[in-house]
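The next part holds the structures, each set out as structure tokens.
In the two assemblies presented below, chain A is common to both, partnered first by chain B and then by chain C.
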Partner chain A sequence: MDARTTPSDPLFRDDDTQEMLAASRAMAARQLRNERISAIIRYALLTAVGFVMLYPLIWLIGASLKTNSEIFANPGFIPDSPTFDGYVKGWQTSTPYTFAHFFWNTFLIIFPKTLGTAISCTAVAYGFARFDFPGKKILFASLIATLLLPNVVTRIPQYLLFRDLGWLDSFMPLWVPSALAGDAFFVFMLVQFLRAIPRDMEEAARVDGANSFQTLLFIVVPMLAPALISVCLFQFMWTMNDFLGPLIYISSVDKYPVSLALKLSIDTTEAFEWNRILAMSVLALAPALIVFFLAQKYFIEGISTGGVKG
Partner chain B sequence: MGNNRFLGLAYLAPYLIGLFAFTAIPFIASLYLSFTDYNLISAPKWAGLDNYIDMFTRDRTFKKSLWVTLIYVFTTVPLKLAFALFIAYILNYRLAFINFFRTAYYVPSILGGSIAIAVLWRYIFADAGLVNMFLTSLGFEAVNWFGDPANALFTITLLRMWQFGSAMVIFLAALQSIDKSLYEAAAIDGAGKVRTFFFITLPLITPVIFFNLIMQMVQAFQEFNGPYIITQGGPLKSTYLLPLYIYDEAFKRFDMGYASALAWVLFAIIMVLTVIAFWSSRKWVYYAGDKRS
Partner chain C sequence: MARLQLRNLEKVYGNQFKAVHGINLDVEEGEFMVLVGPSGCAKSTTLRMIAGLETISGGEVRIGDRVVNDLAPGKRGIAMVFQNYALYPHMKVRSNLSFGLRIQNMPKAEREAATQEVARILEIEELLDRLPKQLSGGQAQRVALGRALIKKPEVFLFDEPLSNLDAKLRASMRVRIIDLHRRLKQEGKPATVVYVTHDQTEAMTMGDRICVMKEGRIMQVADPKALYNRPANLFVAGFIGSPEMNLMQGRLEDVSDPVFRIDGQAVALGRELGARLTLGSASDATVGVRPQHFEVVRGDTDSGLNGRISHVEFMGHEVYLHVDLGGVRVVAVVGAAEYEALDRSSGQLRLRPNAASIHVFDTASGENISLSRLAA
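For the complex of A and B:
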């Protein structure tokens, strides 16, 4: 840094100043060159890494339009003779149902799960962030403990519980726990968000005679909206991608969500019908990709404020 | 706020029901089941420590699976975090297109858990797949990714490294929050880039490193989709991670007692490592004042 060697500095004599001015100019030039080289290296690295990140996905889309003989013959992503064969045949599946049916099943899980998550987590976060009550500290500690508790420990007794409730082979085990604020992460994220919002508006509403529920509904929820959108988007993604849950709980094919149907098509499709599987993989990824690109702002914000697994 | 002391608890009602029904009681029940012999048909039979003794004395699959799991976690987590930090460091610079790169790198994380991605991995690392096509075109020999026990686990590590985006976004947010005057001070004192990184940047983001470390570790210990779809645990059980073994014992062989014991061993390992991390964090995690992120 050459900030100290300004010519007007009274500590330096004139000839010194000339010399130092030259030196500092040289230094500035060197710095500029270094910065340029550094920027070039950074861009080169970032582009190379970006290519490695995205090429598999680009290849996947291209390969889903290739003929089966071309998939393993050509590393490029542009098909020689594009065909929708994979999509047409893959969509039919080897079952009596088409993929439309499996997408519908996924929706039947996602809809109550996301809605239930949004409602229950908002209420619970409101309770934690705005009220004092006996046992609050212990309960909040339990929330953090749940956050860190690996699901693998509770999975077997949960299965037995759902069996006793007669919920096996239904969508209930897949969304009811979430609708009871079971995803501690979302509660935690909303609590953090609420704590950062000043209470003035809520107090004003209370003075005007609103009860706590009206305050929640008309004051807090609108302010929470951006965080709630993040919550819904993440829940949508995770549910869309969930595989182990359906694998354990859903046994009849007519209730399969997309993830299980895709696994089924790998198992039942003949060994060389690759493009069908790739085409259905593209479709399975499509909803998540579309939602991500439409709403990426909320993902990045959600992840940097709350910190998310992924 | 609120005149009734219990009003807050009313808002917590869904959480309380869920906590007891789906977390607390199952948690205790699984500990109990781990001391029993239970095949879903007859009632659980108390077996004392039998499951645990069997596991550590007779069960060679468990030993193999435990070993594979530890190797997997201890390679995947450091590699992924180091890579995420490296890219975040490069991105944390006045670059044009920074948002574009950030988004591009984040896409694989978003799709991460999907089994469609696991399917894609099977194709990319197949014998005649994309990776080998590139390797041979560059003059290298094709690698037998899934057939060779020495390589198979690493393909899953690569899959999870490919999803470094979410850890990177968290690192990037932390890097961007570092006070720029610290760098200026270091530059005036003549510190180079490497020294600045290790003595200023790294200590200041230790809270975030700690957070990422715990989250990624807990997640890596529970890896299921990757090995289940890509390698089915093979070849020679070289990718047979503990969650796969637990799944097979519980939902294929319906040996719920033994599966619960396996789950508790996995849980105990995660807990011990988490406690060690928390305990050691006092020595290496730096919190500026009380400003915790």
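For the complex of A and C:
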């Protein structure tokens, strides 16, 4: 501290210094109070917005535990007498199959699709990010172009193609294109991620005797892991929620995935058993939510860093 | 355990930039060759062509008696240490070291033994179960060194391996690498080394021979002593030595008993120097004198250059005098005691270059024209 500001300094009268000290203390206190108030406002606001966002979900869970008549009678989301009736009856469905069957169908689509996406997109992205080959620029440009193409445009040609292949009413149209790196978005995302990773490690691996495939497998994939987890999560959630795809290609009830099965219970029941529908909706949401929360850490890492830490 | 030969090696990058202009270099078996030069002179490019990480646009790389131009890096019998270590971030030190052996399908027990052996030599045994991000720079560099060593390659390639370390660590790593090289030689497993650096201290202290490069061409290849005492051209003369050699442009007259004229002053260089000049007649020349080879003499001594002290740097045991010779600035190094004894009242002094250590360069071509009889 500068010696001149000490109270004993004859140049400064004692009360002067005291006054200054008091003033600065008051200012600090005011600042602290302001900060606290703004923090309270901030949190209140965030909580309110968060609540509004989550309200439908909370309501959904509450309503799934109500009886069918209470859903419309009681506007609050806490049921008077919670019952699992909706879950038990809803699980049975009005078809010969239980919901377990539909979950299994969804799994049969999601599993090859996610796995295939991870493998094929990694391979394609590795090629684009690390190798020079004739026509690379044009190929990459067309990849980006497909990214910008609206989905609807390709629906009909795709349908005709799959019909000619005899793939209608099977799971193939739902996962095969993705498993062949058909999702340009994921390829693009991985290419960007790879570009941010220095090549030194791969060069070291080549000097160590690894061929391109070994380098990919032992060096690139582990470094790419956060991005790959994001890709798998996105693919998982989007497929879980996909309604249009199955609606177009699947026609027999025994092949319905969960998303279609939910719709099924609305169609066939004359008097809608809303509590059953809501209960099954909760179950349909559960896998995505659980997976997301389990993998949240990697997921955020994957989409935000896009590179390696030092 | 093999010699390395570069024959008319060329590199043209994809953007048509010619980085390497047909260089020839022989590195003998067990030799420690240092590639040195300013930034951008294609040291890394050359090294990467030897390693196989960069395609070769022209010429040949031979390791032993094989032309390796078309071999994959892993098949060339080389190992490389990178500037920023390039350790595999997701692997423990142990796996980093043995990755190359794993790729060669070496049995696990042998691999483990080799890893222990290398870890012992480099004193990194306690680090084997750590991840690269848990290592300090020096430790990471030792692991990188170990990863090269474990493969028992024929040629070691280093690309500025110490430039990310602090000065002290750099000095100790330097010694460690030289020791290792010597030890391998004593054990009868001499390692051929190509070591890239832009640090001349590293080059001078480590190299058996040094290859000085400039803009994709080799300027001189020689052992450290010869490089210092017999620089082949202006570039090498200016690049090697610290503080830098003083290079003074002027005119050389009277070739047998040469007199050098510079900014209105003349200094006689002596018949001895005249005898080693490979020069027919008077011409423009650049005279090079190392700061250590200036002698401060009395004002009335014949043969000397008068100047004014512009600036003095104390370095402890010696003093750098920056002297203005009327247009040309030179640096002279004198001992601290000598400096104290100096009469500095006028700020003027007279410098006499030590004739035996003078170099004369053709100003136009930059060639050293005073080498013909200078003792090797």
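What we mean here is this: the second predicted complex is superposed on the first by the 257 of 310 C-alpha atoms of A that agree within 3 Å, B and C clash if a C-alpha of one lies under 4 Å from a C-alpha of the other, contacts with A are read in each partner's own complex, and residues count from 1 in each chain.
Heads up, the rule we're going with is that a contact is a pair of C-beta atoms (placed from the backbone, for glycine too) under 8 Å apart; a residue touches a chain by one contact, two chains touch by 3 or more.
Not measured: the values here are computed from a predicted model.
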Simultaneous placement of chain C and chain B on chain A, clash or fit: fit
Which superposed partner A:Phe72 touches (first chain B, second chain C, both, neither): first
Touching partner for A:Tyr126 - first (chain B), second (chain C), both, neither: first
Partner touching more residues of chain A, whether chain B or chain C: B
Chain B versus chain C as contact partner of A:Ile219, first or second or both or neither: second
Chain B versus chain C as contact partner of A:Arg206, first or second or both or neither: both
Which of chain B and chain C A:Ser259 touches, first, second, both or neither: first
First (chain B), second (chain C), both or neither touched by A:Met189: neither
Minimum C-alpha spacing, chains overlaid - chain B and chain C, in Å: 6
Contact residues common to both interfaces of chain A (with chain B and with chain C): 132, 203, 206, 308-310
Contact footprint of chain A on chain C as seen in their complex: 14, 51-53, 72-75, 78-80, 82, 84, 86-91, 99-100, 103-104, 133, 147, 151
Residue ranges of chain A touching chain C (in the complex, touch as defined): 132, 198, 200-201, 203-211, 214, 218-219, 222-223, 225, 308-310
Complex contacts: residues of chain A adjacent to chain B: 1, 39, 42-43, 45-46, 49-50, 52-54, 56-57, 59-60, 63, 71-73, 75, 120, 123-124, 126-128, 130-136, 139, 142-143, 146, 148-161, 177, 179-182, 187, 199, 202-203, 206, 212, 216, 237-238, 240-244, 248, 259, 262-263, 266, 274, 277-278, 280-282, 284-285, 288-289, 292, 296, 299-300, 303-304, 307-310
Residues of chain B touching chain A in the complex: 1-2, 5-19, 21-27, 29-30, 33, 87, 90-91, 93, 95, 101-117, 119-120, 123-124, 126, 128-130, 133-134, 137, 162-163, 165-166, 169-170, 172-173, 184, 187-188, 211-212, 214-215, 218-219, 221-222, 224-225, 228-229, 243, 246-247, 250-251, 256, 259-260, 263-264, 266-267, 270, 274
